[in-house]
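See the structures that follow.
Common to both upcoming complexes is chain A, partnered first by chain B, then by chain C.
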Partner chain A sequence: MIPFFSDAFLTAFVVAALASAIPVMLAAIGETVGEQSGVLNLGIEGLLLIGGYFGFVATIVTGSFWLGFLIGALASIILSSILMALSVLLGLNQIVVGIGITLAGTGVSSVLYDFSYGSSKPRLGLDAPWTIPFLSDIPVIGPSLFAQPGMFYVSMLLALVTSIWLYRTTSGLRLRSAGQKPSSLDAAGGNVAVTRSLAVLFGGAMSGLGGAYLALISAGTFTPGMTHGMGFLAIVIAMLARGRLLWVLLISLIYGLFVAMGTVLQLTSLNIPNDVVTIMPFIAVMIVLTFFARRSALPAALAIPYVRGAR
Partner chain B sequence: MFSGRSTKKQLRVGIALAVTAGLLFTAGCSGRGGDTDDAGSGDASAGKKVTQFAIVTPEKESDYGWNQQGIWAAEAAADELGITLDDNSNVGYDNTETILTQVAEAGNDFIIAHASGFNTAGHRVGMQTGVPTLVVDFDKNEPGKVGTVITQAQEGAYLAGVAAAMKTETQTVGIVASAEDLNWFLMAGGFAQGVYSVDPSINVVVAYVGPAGYGDSAGGSTVTTQVIAAGADVIFGMGDGATIGYLQAIETADAGHPIHYIATIGDVTSIVDNPDIVLTSVLWNFKNAYVEAIKDIEAGKFGTKTYELTVENGGLSLQDTPSLSGDIASAVEDAKAGIIDGSVKVERATDTAGVQAMIDAKGK
Partner chain C sequence: MSTSNESLTESSGTKHPQLPGEPGPETLLIETTRKPEKSRLSLALQVLIRTITPVALAIVVAGIIIWTMGIDPLKFYGDVIALGLGGTGWQKTLTMMAPLLIISLGLIISFRAQLWNLGYNGTYLLAAAVVAGTAPDVMQSLPFGVGILVLFVLAFAIGAGLGYLPGLLKAKYGTNEIITSLMISFIAISAANILVKGPFQDHAVTVPQTRVLDLDLMLPYIPGTRIHIGFIIAVVVVVLFHYILTKSSFGLKIDILGASPKAATHAGIDAKKMIIIVFLLSSGMIALAGAIDMLGLWGYMRTNWNPMYGDKILPFVFLARLNPIGSIPLVGFYAVLATGGTIAAQQVGLSVDFLLIIVALILFFMTIIEFMGNRKDLGKSYLPAGLFTRAKK
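For the complex of A and B:
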């Protein structure tokens, strides 16, 4: 009999859910900020992989997970600067450039990995957890929520800070106006190109952190193509959430819970077909989409290049 | 005499005709020539001396699994026969037919198309070029042109199941597969039968990373962590890149007791931090099949039978490790003898339902 209600099993369940949820949440936060500024970034998949690969390399070389996250974020910022230059500054089609970034990120990370670690296939071990006194002693919730690697808490903090920035500050208002009515921002003395450029780079940094979290924390290693469509899921989540970061957090957690539940169901004697188990997290996202999509409103100027003075 | 203008015109026409003729000649030479004698419509029973053969694999040998074993076996076969091996590894799955055709036209007398994803293209190239081609898990042979190799994977996994049952202390063993793949089903079913042959009261649990999660190391890590939390202390893992996730989960597990890993197809001892965690690996050795195929080509018998990897012919075996000793090794040897003499029949599970049915049957 499988001890489904043992502390160890329930703890592993929560940890598995978070391991799937946090990378997609970080990427979706970055996509949300980009979309609110009027830039649709379809290159998230490639940015996740580049962030994951360079974060992995930096951690192996330096032994520091924190440096791994930093380098992962920087690498994805560099890749996302292509979107900034081509789509924001030169006004090229965002969809085409985004797909190009996905292909480039996937290919480059795969080639570099095969070249450098294809034979040794190193693993990173565990990042030392930040154990919060007293709270970490609570059964199940303690070890799963309050004894996580430091980046887990930083990720939660980033979600909160980004939400405040987007909706409670003047710069956040400017960013959203760049997505809603860029000509108004321009008329008010704001610079649409700079605002959108910074949003794209911020999105790149968040995707890089997401990819690094996937490689460094969730997997403890990097393998080519390890995102398996996570970047596109992040785009869907960002669209569902309509710019609300609380929704980004909740939908990401629902996704993670269903991924972890999929393994639990396979271990039971319920004999649910694997195909059903596999598509559960995506069905969950589609149900949310069905109920809430009608009220979703994407920024009016999303994916539309801004040309000063053009009508 | 021609005028200058007329000469230029004739020169242009001449060049055009020459280029056209050249193109037609080139096309004729490089065509796949399925209807020509050179393309293999000659007498297949005549046989042909093999001096050079090629192996084509989708990935490099550093996958510590399928590709590694194929390349190593081809190298061993070349050494044994004293012939040349043309190694074409890491070709991926794009343009397979073109690559196989080029390999066929590169002076090779025999091609090993080492991936089930190559079998349709391999069959076509074998038929069109006439160069004997060995494909994997295909449903038919073509005398003189196409032969197939299959693996009775469930037999090797049965031995692994016996070893796992002897090793487990928690009385729970886990199967983790990266994908829903015929060979993974065969091995999962064989493993469960092996476990139950020792002790039907042992729990066997199975989890798949995804329908095609071969490279999903993150999924491999989280799924294996959950399987370990379910009590499994021996993990039978099947997967490509996902294997790295399994190892990460096992090496970092905090279960309070040792966790052991049983690998499949290849040898992973060189990439684990502590080789003691590797109980064994179900090794697939294609060397004898390749040697037999080459001898059959020379005898004019290629494509008249299917080559098999079995426990009996040494194609499937358990890797010797320090952990595979004493009672465990004895139990494995007994099971191996039973498979060879026919007293142990290992059933084939070919889908997820079949695997689950074998697990639920508890060896009955």
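For the complex of A and C:
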């Protein structure tokens, strides 16, 4: 029997919860920015996988985790530029293109992994944690929150910066107006196409980072289809949070706790199948959607292409 | 006058029968100013070009991709055709078409109403799991025909049940059906796995899977072939629904709902009821495909098996312009690609997920050709009016 509620156990629990929460949070931040600008990006799942794969390859080749994150983000930016070109600039159906991105990302990452690493199946080592002096000495919270890999702190910073950008700056206001009433942004001298394009690329970068975090930190390796619907969960989190990034953070943490609790339950003698764990977040989301958030306040112009001069 | 009249009857005749009575002169005038006159032949040609170009471009680009990976694309595609059509390949292809046709019909029903039912993967899998799990008992205790019917009804009911919640939420509260149906899909996928690992597991084998259905108790083959009669059932259902969707008042109601729920309400259609009905029917169909596939082809189900049929058939549904009969040749094309492509990919050591890349490329090229086609007015659009035209209102 594992000693529950010992310091070591609780630390491992919090670390596991954060390892599941951060990739979803990063992707949901990217989706939030996209949705606020009026673009529904259904390609998050594919962007996570592409970011994860190329981040994994870069880290294997160079040995640097930071380069892995950079390459992962770049790869997802390149894939999301398809969504930018087709859905934002040409105004084509965002749902169809988004599903295409998901399929392309899943297919490309799986084919390339099989081609290059299918037989060797390498694993990565651990990223050296940044230990924050003094704070990391606190029991439980210290080793779990203040002795994390560097990307953990960068992710938290990104959430904060994005929140300030969206709600405290002029460019954030312009971005949100592109999602509420693009014609008013146009009339005020803003460029809807550029605003939305940048939002889509930002979403791609965040999903790429999320995927790379999943592969490099949470799992320590890449496996084809390793996201198991996490990208779609990120889309839902973005919708439930209604654009507020504190909510994105909180819901992602709740998701992480769910996953960590599932792992704990598997360690006990209860013998709960893995699928019961994976089904939980989706059921929770459905319950919330059914009873509490039936009219989720989405941006008015979400998924509607903007055609200049059209009424 | 005669040419304009022709173009009018053609544009409306493709969808619904002309209402009795000659159209007034104003209607004709509007029609002639709106649409440039074209002969029937050139229209058909343009529609054909618009359908084939995205597929051809996707095949070429995918060929370049595998060429960079050191695989000869010409030989690969040659193998795909040889394995998908030659020998007994054509029989495997037709067998594979059975579930694909029904799933594409399910998608067509919901897309015609402009409802994005994206719960297809889970709906198919849960119905397949329940049918595979219960079939050995049901088929042994009931006469063959009754047993099959019971399982078909069971599958349809499961699908309708899964489609009910997204439909209800959309109808009652306007909750985004893309999200709810996707969540239902993931729930159903996990539920299918739980069932196969739990109550339906065959403990005689080590791999978690359901009991294997006796070959005598599965759908019979068409005499002289190895194609089960599920293929014929699928074609009949698709043709039947083609006429229901394009010629009946029910089909017209779905189209009006798709064009504008407000207009539907004004026309006296209970839009909320129709949304729920469309979801029940669409998900029910997709679930039926699961039953046909299990009873006709597989006979058992393993855990973590997910063929993702719905995702792969998606571009072809749009290329068929949401026309059920039009989807038959396109689904046939994909079935050849999938049957031949799976074996050909395994032979050269390529991941089977290569098919996903081709499908994604078709989706991208399809939207691009759609865009260029709208610019140059090349035939009819893939999607019913709605998301494409909303901004132009």
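In the analysis below, the second predicted complex is superposed on the first by the 286 of 311 C-alpha atoms of A that agree within 3 Å, B and C clash if a C-alpha of one lies under 4 Å from a C-alpha of the other, contacts with A are read in each partner's own complex, and residues count from 1 in each chain.
Keep in mind that, in the parts below, contacts are C-beta pairs under 8 Å (C-beta built on N, C-alpha and C of every residue); 3 or more make two chains touch, one makes a residue touch a chain.
From a predicted model like this one, the values you see are computed outputs, not experimental measurements.
Chemist: Using the touch definition from the top, say if A:I82 reaches chain B (first), chain C (second), both or neither.
Modeler: second
Chemist: Tell me the contact category for A:D275 with respect to chain B and chain C: first, second, both or neither.
Modeler: It touches chain B and chain C both.
Chemist: Quick check for you: in the superposed arrangement, does A:Q266 touch first (chain B), second (chain C), both or neither?
Modeler: Once the two structures are laid over each other on A, A:Q266 reaches chain B alone.
Chemist: Which of the two partners, first being chain B and second being chain C, lies in contact with A:D114: first, second, both, or neither?
Modeler: The answer is both, since A:D114 touches chain B and chain C.
Chemist: Of the two partner chains, chain B (first) and chain C (second), which one does A:I283 touch, if any: first, second, both, or neither?
Modeler: After superposing on A, A:I283 lies in contact with chain C but is clear of chain B.
Chemist: Would you check which partner chain A:I235 touches, where first means chain B only, second means chain C only, and both and neither mean what they say?
Modeler: second
Chemist: In the overlay, answer first, second, both or neither for which of chain B and chain C A:G125 touches.
Modeler: A:G125: touches chain B, not chain C.
Chemist: If you stack the two complexes on chain A, which partner ends up touching A:I101: first (chain B), second (chain C), both, or neither?
Modeler: second
Chemist: Touching A:P224 in the superposition: chain B (first), chain C (second), both, neither?
Modeler: So A:P224 meets both chain B and chain C here.
Chemist: Hey, what residues of chain A end up touching chain B and chain C alike?
Modeler: 114, 118, 224, 273, 275, 278
Chemist: Spell out the residues on chain A that touch chain C in their complex, using ranges where they run on.
Modeler: 40, 42, 82, 86, 90-97, 99-101, 103-104, 106-108, 110-111, 113-115, 118, 224, 229, 232, 235-236, 239, 273, 275-276, 278-279, 282-283, 285-286, 289-290, 294-296, 298, 303-307, 310-311
Chemist: Quick one: which bits of chain B touch chain A in the complex? Just the residue numbers, please.
Modeler: Residue positions touching the partner: 60, 62, 64, 90, 172, 180, 203, 205-208, 210-211, 213, 215-223, 225-231, 241-242, 244-245, 247-249, 251-252, 255, 271, 273, 352-353, 356, 360.
Chemist: In their complex, what parts of chain A are in touch with chain B?
Modeler: Listed in rising order, the residues of chain A that touch chain B are 1-4, 6, 8-9, 11-13, 15-16, 19-20, 23, 114, 118-121, 123-126, 214-215, 218-226, 228, 259-260, 263-264, 266-267, 269, 271, 273-275, 278.
Chemist: Name, in rising order, each residue of chain C that touches chain A in their complex.
Modeler: Chain C reaches chain A through residues 69, 116, 118, 165, 169, 172-176, 178-180, 182-184, 186-187, 189-191, 193-194, 197-198, 311, 314, 318, 349-351, 353-357, 359-361, 363-364, 366-368, 370-371, 383, 387-388, 390-393.
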